[in-house]
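Each chain carries a letter (A, B and C) given by its place in the written order, and its residues are counted from 1.
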Amino acid sequence: MRQATHQIFIATRGKGLYEFTREVEAWLAAQHVQTGLLTAFCQHTSASLVIQENADPDVVADLADYFQRLVPEDTQLYRHTAEGPDDMTSHIRSALTQTQLSIPIHVGRLALGTWQGIYLFEHRARSHRRGVVLHLLAD
Amino acid sequence: MRQATHQIFIATRGKGLYEFTREVEAWLAAQHVQTGLLTAFCQHTSASLVIQENADPDVVADLADYFQRLVPEDTQLYRHTAEGPDDMTSHIRSALTQTQLSIPIHVGRLALGTWQGIYLFEHRARSHRRGVVLHLLAD
Amino acid sequence: MRQATHQIFIATRGKGLYEFTREVEAWLAAQHVQTGLLTAFCQHTSASLVIQENADPDVVADLADYFQRLVPEDTQLYRHTAEGPDDMTSHIRSALTQTQLSIPIHVGRLALGTWQGIYLFEHRARSHRRGVVLHLLAD
């Protein structure tokens, strides 16, 4: 058994979900793993991770809209507003989703379901470069 | 140290929480682990995982009711409605809970608190057979 | 490669977020890890874990206020009310955040971003002593 770590960066252009399943699989392909555990960790508190359906792009659009309604961008509701109306809402949206995901590698492949993709959920309106650290436990 | 993976299936009969702590413990019992990490991964985006209190069944009933209010089944709110009013809401509820849980094995047993159980949270109204992949890191 | 587990206790004095990054780092410092995976698991269903910004204390205050609005303490909404208006709301808030977090150890240190801290989120009004089990996979 062995471990490996790797850091990837995801360029975002405003709020929404950015799939990075391929970037994870590209790194894994070079590792030839039969059994393992892949962990992705988002190094930010204004972006987060989710596993979502990647068949119909309407799903991630609806998800982004829902979070827009769930966490209103009304600066009167928050103390922490120095970076604008999408500042504190980004921290709240991150707490409501995931900072980290671990996915088993079972019989030689990531155990994702047929329609599951790995997404970075960007909560800020401006463009960002988001760091995600990958950790692999492998046979 | 060693790894093992296993896939279990949980039959659901409509929305609600289905405990599967025993299924996990049954698999673990055969492995004789003193120290380890057990990961459960739900292979769906319309069902998810939560750790909840398993002493009073009212807890999971109240939790299911709360999510019914939090994510309204109003098809006018969503683009992705092909499979009915519980389609997009299921993806949202999954994003708000967990797709994956990891539980340490400490001094020979799962480190669950006294009242904690592992649940599959079914978000669809129809019956489903849900795949959950288990990964074990063990001494 | 090796594993280690450890249990820490966090004393809470009512609702809010309690950072315990230092307690985790203190345990890790004695382990001299270059590459690894640190998992924290909260043994309760009325307290939970989140990674949040630890630069501006307004962030965790705003986060706590938001959850107070998101999950109303109205006992008429719930069946499970034996321990008061903050009983069922605590279970719901736990389901909406995390029971477990895993953080890679990359190039000799926890891969936390610059402003990220590890918090216990206490959902009950009374003081509690909360158990968190740590698991370490290390080189």
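FYI, a residue touches a chain if its C-beta (ideal position, glycine included) is under 8 Å from a C-beta of that chain, and two chains touch if they have at least 3 such contacts.
Everything numeric in this text was worked out from a predicted model, so none of it was measured.
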item	value
Chain-level touch network, classified as line, ring, star, complete or other	complete
Residue-number overlap at the subunit A/subunit B interface, same or different (half cut)	different
Centre-to-centre distance between subunit B and subunit A (centres being mean Cα positions), rounded to whole Å	20
Sites on subunit A at which at least two other chains make contact	1, 70, 96, 98, 102, 137
For the subunit B and subunit C complex, residues of the former touching the latter	1, 35-37, 50-53, 56, 58-59, 61-63, 65-66, 70, 96-98, 101-107, 111-113, 115-116, 137, 139
Contact footprint of subunit B on subunit C as seen in their complex	1-5, 7, 39, 41-45, 70-71, 77-80, 82, 88, 91-92, 94-96, 98-100, 102, 131, 133-135, 137
